[in-house]
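Below you'll find the structures, each written out as structure tokens.
Next come two complexes, and both contain chain A; in the first it sits with chain B, in the second with chain C.
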Partner chain A sequence: MASIKLNNICKHFDQVEVLKSVNIDIQHGEFVVLVGPSGCGKSTLLRSIAGLEQITSGDIYIGDTRVNELAPKDRDISMVFQSYALYPHMSVERNMGFSLEVQKVPKAQIKKAVKEVAESLGLTELLDRKPKALSGGQRQRVAMGRAIVRDPKVFLFDEPLSNLDAQLRVHMRLEIKALHQRLQSTIIYVTHDQVEAMTLADRIVVLNGGIVQQVGPPLEIYDTPTNLFVAGFMGSPSMNFIKTTVAEAGGEFYLETQTGVKLALLHQYQDLAVGMRICCGIRPEHILILNSTSGHLQARVKAVEPTGISEQIYCSFEGADLCIYSMQRTDCKENQSVSLQLDLQRLHLFCADSGQRLQQWPSIAENVSLGQASASS
Partner chain B sequence: MSIIVFTNFLKSVAHRFAILLYLVFALFPLYWLLKIAVTPDKLLYSEGVKLWPSEFTWVNFELVFTQSEFPTFFMNSAIVSSATALLTTLIAAAAGYAFCRFKFRGKLIITGLLLVTQMFPLVMVLAPIYKIMAPLGLTNSLLGLVIIYTAFNVPFAVFLMQSFFDGIPRDLEESAMVEGCSRFQALYKVIIPLTLPGMAATLGFVFTAAWSEMLFALMLISDSSVSTFPVGLLNFVSKFAVQWGQMMAAGVLALIPACIFFVFIQRYLVQGLTAGAVKG
Partner chain C sequence: MNTLVTQPKSQKKIDLQRFLEPYLYLSPALIIIALVIITPTLVGISYAFQSIELLNPFNGGWIGLTHFKTLFSDRYFFSALANTLDWTLISLFFQFSLGLGLALLLNRKFAGRKLVQALVFLPWAVPTFLSGLTWAWLFNPIIGILPHWMTSLGMLPEPYNILSDPHLAMYGPIVANVWFGIPFFAITLLAALQSVPSDLYEAAGIDGASSWQVFVKITLPFLAPMIAITVMLRTIWIANFADLIIVMTSGGPANSTQTLPSYIFTTAYRRLDFGYASAMAVMLLILLLLYTAILLKMRSKLSNGD
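The block that comes next holds the complex of A and B.
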């Protein structure tokens, strides 16, 4: 086990800057998930930590050792690849014991170590098979086993579940979580699936365009996204955004939509000015469909997606799409006009120009986060 | 239902018939080679065109072994072809790996130059090559032939090997490197074993190319003690007659090593030739 410190990591591929001054401190035993859209630099960052990519500038520390110049083999890490990268010409047993074989560990010792790990992952029956005779889930488990046998300081996972079907993915997610709890090892895990990120991570690092957007525990990122990108990226279905402007009446600020719908009093926010353009975000589960017309907004239903356990209703409001997540079956029909009630305590306000979250007055922000914590509990 | 079964049966018969037709067409010259080799000289012209001679003899083979220099030619060919195949495959494997995995200055230019070497008819370069080889003492020498054959086979072999390396995911060697291997260890522990079919295919191609090469051998070799068998076959053509029987017998014998070689590598060859084409 070891901590990892990334100081001002920059990486260029020719003229393209893929990582821009990335700073992250990872404690030992921590499960950190790097999440972001395709091409955001998350895999490059992971590969840089592994030593498979040379960084352009910055420092990488594993434990107390600066590893910038160390070859991958000397960094004492294990990596599980998206493709599993099992050696097709070797049996499962040799695949799992490969790292020890390279280190010239005595054969009996390798056999013992492989057997122990195989037992813990339910692979004992498969040890003589070649990778091509395994299913996707079994290959995934062998790849994990191969990483565990080595007992490294740090585990790196590069989108390890993306080749599995949905059901197996959930199952393997639980196995990885259990593995972390059992080994208490430092894990850096790359994924573009934010459900994986939310369920596995102690802390999430959200990346976009090679820049760290936010670092924090999953619920903190979900509840208080720091900018428009994080707000839109984290959460499925993703957050709705309504374009509004700050207006004033009787000394109080409020939000006004493009068609003049008044939304909320804004006494809890700092640095407001009349005419300021605000992007008002609200999560789909924080919108209610009312039977009456007394809601905040009137919208038209575009589509209804029943999933059995819930319904997602897509509505059109002022030319934008709003998604409503309802645990109740609503009987909404396409083209029906509906009245929507927003949970005004759960609005996320972002400056439309900078994309940054509006700062609340400290005492109010504290109350809101307490309210959200009690609501979520 | 029965119509479908009948149609499938007809398709399968037509399919096999087409293959048979091609095989007859492709193998007929080899059959003719064998037929003439076992036909006694006296019947060669007297019997007309018959599919099998009325008399059968091994005498041409005996003569080839005992009264010609064929064993020497044969040995020379074996040495030159094996050495060329090994050397070319080694160079091509190293170059193919570099082209596939590394970024380096001038890569595109070198690739272009390799392609250019394949564009010229060999006849054009015969004279300059003789001019280069003669002062170096590499005419009338098996080493000279090996060098020339290697030089001319390397470009194609490099592209062939590169396509095999391209087919092996980078993840595999990166995984090996993370697990404690240096790049070289990752290469020989993980990548080389997976490239063996490709290497076998390359070996096969180069071996057969060198085995049947005549143009350079004819130009660079004048001493029969270092002749390869394609040049040696011309010894059966004299001023006054052509010893067809012996020439054909020598041809049949020359086919044997190539056949044996292909029997050994055919498993890898098929695997190797299809490896790059189908994503497995």
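The block that comes next holds the complex of A and C.
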């Protein structure tokens, strides 16, 4: 187990810049998930840490060792591949013990190590089988077992669950989480599935276009996305965005949509100015459908998707789509007009030009308590 | 009621139709195969039991196993058999090992790889007679360079033509054959190498395997089925392959390069004894069938063990 430090990692493929000055510090024993859309550089970053790709510039430290020039086998890491990369001509037992076999560890010792890991993963029955005689979930588990037998400092997972069906994915997700709790090892995990990222990570690193967009604990990233990309990418169904402009009345700022609908601002924001174009984000679960017409917005229903546990209602508002996530079953029909109530406490404001989040000033209530605290001291 | 009575009959007809239909579709292919492969083979085998000497046309007719009896007391037949074994095994060994090496080299990334891959195929495209003649000239000390090089390297006491030395003559056609056969192994093994998923090499690299361990434990097992089938095919081809020998040495000097196919060729077209040549061809056929059966059995055992 060890910490990992990435300093200014850059990577070019010919003329294409895949990673642009990536800086991440990973603590000993931390579970970090790299998440982002396809082609964002997350797999390249993982493969660079593994030593399967050479970085163009920057430094990679595992523990206190700079590993830039070390071969993958000397970095003391294990990797679980998306395709599992099990050796098809070897039994499960030999697959799992391969790293020890090539180090010429005595056979009895290999057998013992493999047996222990196999027991912990429920693979004991399968040790004599060849990979082709295993199901997807079993192969996945063997691949994990092979990584564990090596007892490395760091585990690297490259989209390990993407070849499994939905149900098995949930199951394996729990197993990986349990594994991390048991081994307390440092894990870097790449996925494009933001549910996996949210559920597994101690900290999430959101990547786009080779640039780190945001690093933080899952809920922090969900609640305070730092820019439009993170806001739109994290969360399923994803955040709604309404184009607005800042206006002022009686010393109070408010947002005005293209058709003149007014949205009050309940928080104070930094750098707000009249006439500023704001992309106003609101999560689908923070919109309510009202029976009356007293809501903030009037919209027209385009489609209703019942999932049993919930309903997703897609409405059209000012030419854009709004998704509403409702735990109650609504009676909405297509083409029906509905009135929508927004939870104004939960608005996310992004500058439409830069895409950056507008930071809130600490709320008035907090200011008061702070003032009292300083007064009493 | 009427239909009920006639139904069983029509059902039988339908069954018959269903049974015959596939054969109807297959018949053009079957007829062609029977005409151009099976019939000549059977006629050829029948020659082995007849006396067919063009120099002795009135002495024809069925003679049973006489040719085979002659064959077992023919010392040239046995020396040809031994030569065939040498010729096949030595050629095969070098063709395979050099071909595998070349395939491994070509599997690396380097500039101009496509061009080199195309060039490697070239010997395969040169007509055998041409390459046989060229190699014969190369071994000729008057116009060729090889004897002089071999002398300089201390392999020969003086530059002479090894094709005229009964002890060394066999190596002439073998060298030409190795040169001719490398591309086949290189290209087929290269195709097999490229089908090995790169993930496996990466996983093995992370697992700490050295390049030699990767080769022995990952690459070779992956290539094994392809190696088995190519070695089998090549063995049969080399064993049957007389062109180079006929062109370069005609089986001489003193029968020292006479393999079974070249002996058969000489018997049939120089001595014009088609009966005896056919008897030897039948023996060769039996030996190769035996070899193939053994190899296929081994292969199925290997793949069952998987």
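The working rule: the second predicted complex is superposed on the first by the 359 of 377 C-alpha atoms of A that agree within 3 Å, B and C clash if a C-alpha of one lies under 4 Å from a C-alpha of the other, contacts with A are read in each partner's own complex, and residues count from 1 in each chain.
By definition in this document, contacts are C-beta pairs under 8 Å (C-beta built on N, C-alpha and C of every residue); 3 or more make two chains touch, one makes a residue touch a chain.
Model, not experiment: these values are computed from the prediction.
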Open item on the list: Should chain B and chain C be called a clash or a fit once both complexes are overlaid on chain A?
Closed with: clash
Open item on the list: Output check: A:130 vs chain B and chain C. Expected answer is one of first, second, both, neither. What do you get?
Closed with: second
TODO: Classify the contacts of A:170 with the two partner chains as first (chain B alone), second (chain C alone), both, or neither.
DONE: neither
- [ ] May I ask you to decide whether A:211 touches chain B, chain C, both, or neither, giving the answer as first, second, both or neither?
- [x] neither
Open item on the list: I'd like to know which partner A:77 touches here: chain B for first, chain C for second, both or neither.
Closed with: both
Task: Residues on chain A lying within both footprints (that of chain B and that of chain C) - done: 50-52, 71-73, 77-79, 81, 83, 85, 87, 89, 98-99, 102-103, 146, 150
Task: chain C to chain A touching residues, read off their complex - done: 197, 199-200, 202-210, 213, 217-218, 221-222, 306
Open item on the list: Per the contact definition, I'd like the list of chain B residues that touch chain A in the complex.
Closed with: 169, 171-172, 174-182, 185, 189-190, 193-194
Open item on the list: Applying the document's contact rule, which stretches of chain A touch chain C when the two form their complex?
Closed with: 50-52, 71-73, 77-79, 81, 83, 85, 87, 89, 98-99, 102-103, 130, 146, 150
Task: Parts of chain A lying in touch with chain B, wherever the complex brings them together - done: 50-52, 71-73, 75, 77-79, 81-83, 85, 87-89, 98-99, 102-103, 146, 150
